[in-house]
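The following blocks contain the structures, represented as structure tokens.
Shared between the two complexes below is subunit A, which pairs with subunit B and subunit C, respectively.
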Partner chain A sequence: MSGTIHLERELATDVGQPPAQRERRLRGTVVGLGIGLAVLLLGLATPYVFTHTYTMSLLLEVVLLSMLALSVGFLARHLGMISLGHIAFFGGAAYAYGIAIMKWGWSPGAAFVSAIVIGTLIAVVMGVLVVRLTGMGFLMLTLALSQALYQLCIQTSMRPITGAHDGLLIVVDRDSRFFGLTPAEVMNPGLFWPLAWVALVLCALLLWVVGRSRFGTVLEGIRENEERMRFSGFGTFLPRLAAFVLSGFVASVGGALFAVNAGYVSPELLGFGRAGDSLIAAIVGGLGSLVGPVIGTFLFVYAQATFNLGGNLPLLMGISLVLVLAFLPGGITGTAGRLYRRFKPFVARRFGGSPTADKESR
Partner chain B sequence: MSLFEARGLTVRYGALAALTDVDITLEPGEIHGVIGPNGSGKSTFIDALSGRRRPSAGQVRYAGTDITYRSARWRRRQGISRSFQRTSVFGSMTVRAQLEMVARKNHEPDLDLIIDRLGLGPVADQACAQIAYGTQRSVDLALALIGRPRVLLLDEPCAGLVADESATLLDHVKELCRERDVAVMLVEHDVEGVFRVCDTITVLNLGRVLATGSPAEVRANEQVVRAYLGSAA
Partner chain C sequence: MNVAQVLNGIALGSLLMILSSGLAMIYGLRGVANFAHGALYMSGGYVAYTVANRVSFWLALVIAPLVLAVVGAALEIMLFRPLRNRSHIEVGLVTFGIAMIIERVVVLIWGERTLSVNPPPLLSGTTSFLGVDYPSYRLGIILIGALLAIGLVTWLNRSTIGLHIRAASQDIETASIMGVNVDRLSLVVVCLGAALAGLAGVLAAPYISLDPGMGGTFLITVLIIVIIGGIGSVGGAMVAGMGLGIVQAVTTVWSPAFSVLVPYLALAVVLLWRPMGLAGKRMS
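What follows is the complex of A and B.
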């Protein structure tokens, strides 16, 4: 394109393109949902492939923590906002589950639903306070508010409700059922896997579809140029709040499931350490794609299980974060995508495939 | 009653008065140029009119009502739109995606006409950050033109363009605005262009109105010649 403005009245011949584009977009969505469904079904076989309980417990941890990383990644990708506050929804929902069971005497099912609702409500309250901010202000305020919840939780005066530093052991009625599982089965990673896996895939698909929708376009506009959005007639507060609450909902689902499976909650679930870990996992995996945070969480849990013998995990995480930030911009998935794009023409030439097939699989 | 007017508009940055007691009126379909040397308050003026900066005193009125403290968003929804001197577009989005997004919000029935007139058809499917600067200026303008605004505030639309480009751009702005019956407040550095396309011209100097009138009257005004136009005019 030359540097001149094209003011000559050249009749644009591609005026009739939008419907075709819309159709392509719709087809992309259908294909994506199809792939999601296939992944969903394939993943259900995991407990039959990895029969070892320890392996399954690690994979289950990956899935549950992935929901936290996924929610943080969604906000980073679509609004460019890095949150350290999502731990409050994850941990808040987990605590809500424990409190509903132990203090209110609710059934596991009701407690689970209320945990997600409460986690999401915490997201609404925090969102109202923070979504006007961007960058460092947003980061620091989300951190401050989530740590305020942590402090509240460990107060001695809160001991009757939250158990303070001890947390809560969640003991459910022996005859109760959670999606058909007995209290003992709920703690078995292989038997609990289908629930967690379905929840993760559905949440991921939900975020993906929202990201592709018109609402997702508005979010992108706000991320790119908030001021111009306002001068184009858009409100920017409500879309930001909605995105924040949606990602808070996903983190809450993860936290509630975590509490159901673990059978206990402790203040560490609300702590800064976990918030930082999930953010680092999301960055290492790649904030630019949907699966990046999941891959990052997988690596984190794997590293935690394998290399943590001397208590050196934070050191290793620090090193890997530095390496990723310095050499792999966009994280693992971002780098993989770049390599793929670079080698695609080569591969296409070599093997005669179509190079134009999937350009917008993000 | 004018369509759009400023009364006694004053903007102070601390002790510095960037704009003092400015009165200006805009009638339907009028193209009103605002010129002045650097630092004369032109950009501050547009910012105060468009809701980007709160005036320290004075009023902005639209169709008879005081809108001084209305938000930028409210103004846009009511038909007051602006462009930006420093190109303000959505870099990661394609030209078409961002225009469509804004068109949906502002109920623009004929986006293709705008795309066509501003020559954006060939770049419609490219990411805005990837296209030439001059073309980005046209996207900025297109974003402001969408939705048939009644008042268009243009903040130096020709900034950064070479003479030829700015001449054609101004001609097309004029044509589009006449067609769509838009009243335009055109703040511009390109004095020749302003004299050519505007019906009325206001000259600002040091934050005050030096003169207002038809191009011929302003050109003949001694104060204006002394302060700004010099012998070149």
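What follows is the complex of A and C.
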């Protein structure tokens, strides 16, 4: 009897999960982290497999843009909110890096850190304004605020700071080093790859772990029924804001790295076009999973390299988006997951073996 | 502030008013933020280019809205109706994809160059109005816009269909329980909204020249206007559209940076202070 009381007290003080399930979840997280580490180490070998600079530059672009797509995907998956504003953090961090180097004269390392900080601060400011809204209002206001930043950036009066339509060419001191790379090496995709890849995998793992934590469960509760969460005693503003800022942080890291590698920032890094591309990539790849946005970004960069000569890329993207939304909800990873679940019983029956315990979906 | 600037503002406001009333009707009835509205506007302009340069501008004023009404019907039947049970954001994103498709198809047909359309002989040149020599064409826009606004509001408030539209915009389930054929109504509204977008495109063609980016330029502004005006309120969208047009045109002289940011600031203020919009009666 005392055992039962002990269990009930535990349930009352800790949200959701009885001890056995929590232990299983923890083990799942550790296994996932192990897999992530393996992926990290394997990925570092990529420049040695794809020695062609053009291929590496495409892969690098995938990695950098994936961080933007990941950030949008995280918010969509856990909070159910679609944001067109994360481009402001990506582009904002990129511009902050450029401004810090060219206008304030900082070293690349300091400029890089300040870029991420500034990008995250923009996320805080936007988050405070946006996070109380849901659905269409949220989408519109994030879009409006990020485009306001874009418009501000291209004004001729801002030319001394942002270079207006021309953008900023970032010239770094020849003796400075960025994580051990010279200014010339930093622009080489093969040499910059380890930095970008490590950043991507770490950010992805961070978002994944946060998603599986108690905080992630709170977010999903807010997504499902915000009022009920409030009645249960949870504040909803701060968790939403924290999720928004976290995703903004990831986008800022991507933008800062992008600026370091490209050595040039232009207003289209803040524009509606890129925001839309990233969102479409995330949707087509699959908003329901962690790697969906990465897959979508990979397809996007590949398609851009192959089809853009005809200028028909927007047509292809529009068609893909409509098809995915109308017929393949969940995008590529969602559809793959559904197919897997549909055929799993057949496979299990065919090859015998005991039915596995029902794993929580992702 | 002189008369010409204010008149510029009213001309721009008239265009925005026509565009946003169409969007507001679709948004009010179907709950869908039609991201393709800018592409429809652009198509209207390009169709007008072909018709006006071959035949006459006045014919374009009739044909382009008709063509766009057909496109709107296609959108309604193939898209909005099958997807009516999906969430509004999903359908909005679908229209986003449609916008990209339409814009690319238009460029494939008409090319990437900037095109211009000449105003009709009746409306070219300037007229002396309120003490300034003002381009007659813009006066024409203002006049047509005013007639359209009066006509639309009267029709919505007096006719039976208008009553049905207002009822369905307020509460679609109750309206259909009361016997309103919501699907047929929706067809009317989407066709009309698309036709209005096309009309705005025709009117804009001699005023602002045609280029592949014209859809995107106005789309965000018009979406902001509809949200500020209030979801489901055509009158609110009209007032907001006219107001924004005037404010933008007037402030552009003393601070171009500020005038460009006006719509965004206005949206932020409205969404934070009164999320249902200035005249809206329904939470989004």
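One rule holds in what follows: the second predicted complex is superposed on the first by the 337 of 362 C-alpha atoms of A that agree within 3 Å, B and C clash if a C-alpha of one lies under 4 Å from a C-alpha of the other, contacts with A are read in each partner's own complex, and residues count from 1 in each chain.
Methods note: a residue touches a chain if its C-beta (ideal position, glycine included) is under 8 Å from a C-beta of that chain, and two chains touch if they have at least 3 such contacts.
Computed from a predicted structure; not experimentally measured.
S.K.: Check the residue A:321 against both partner chains and state whether it touches subunit B (first), subunit C (second), both, or neither.
M.R.: A:321 contacts subunit C only, not subunit B.
S.K.: Who does A:218 touch here: subunit B (first), subunit C (second), both, or neither?
M.R.: Once the two structures are laid over each other on A, A:218 reaches subunit B alone.
S.K.: Using the touch definition from the top, say if A:137 reaches subunit B (first), subunit C (second), both or neither.
M.R.: In the superposed model, A:137 contacts subunit C only, not subunit B.
S.K.: Where does A:232 make contact in the superposed view: on subunit B (first), on subunit C (second), on both, or on neither?
M.R.: first
S.K.: After overlaying the two complexes on chain A, where does the subunit B footprint on subunit A coincide with the subunit C footprint?
M.R.: none
S.K.: Can you list the residues on subunit A that touch subunit B in the complex?
M.R.: 1-15, 17-18, 21, 214, 217-218, 220-221, 223-225, 227-228, 230-235
S.K.: Spell out the residues on subunit B that touch subunit A in their complex, using ranges where they run on.
M.R.: That would be residues 50, 52, 71-73, 76-77, 81-82, 84, 88-93, 96-98, 100-102, 104-106, 112, 115-126, 131-135, 137-138, 143, 146-147, 161, 164-165, 168-169, 172 of subunit B.
S.K.: Once bound in the complex, which stretches of subunit C touch subunit A?
M.R.: The touching residues are 33, 79, 82-83, 87-90, 92-94, 96-101, 103-105, 107, 216, 220, 223-224, 227, 256-257, 260-261, 263-265, 267-268, 271-272, 275, 284.
S.K.: So in the complex, the part of subunit A that touches subunit C is made up of which residues?
M.R.: 82, 129, 132-133, 135-137, 139-141, 143-145, 147-148, 151-152, 155-158, 272, 276, 279-280, 283, 311-312, 314-315, 317-322, 325-326
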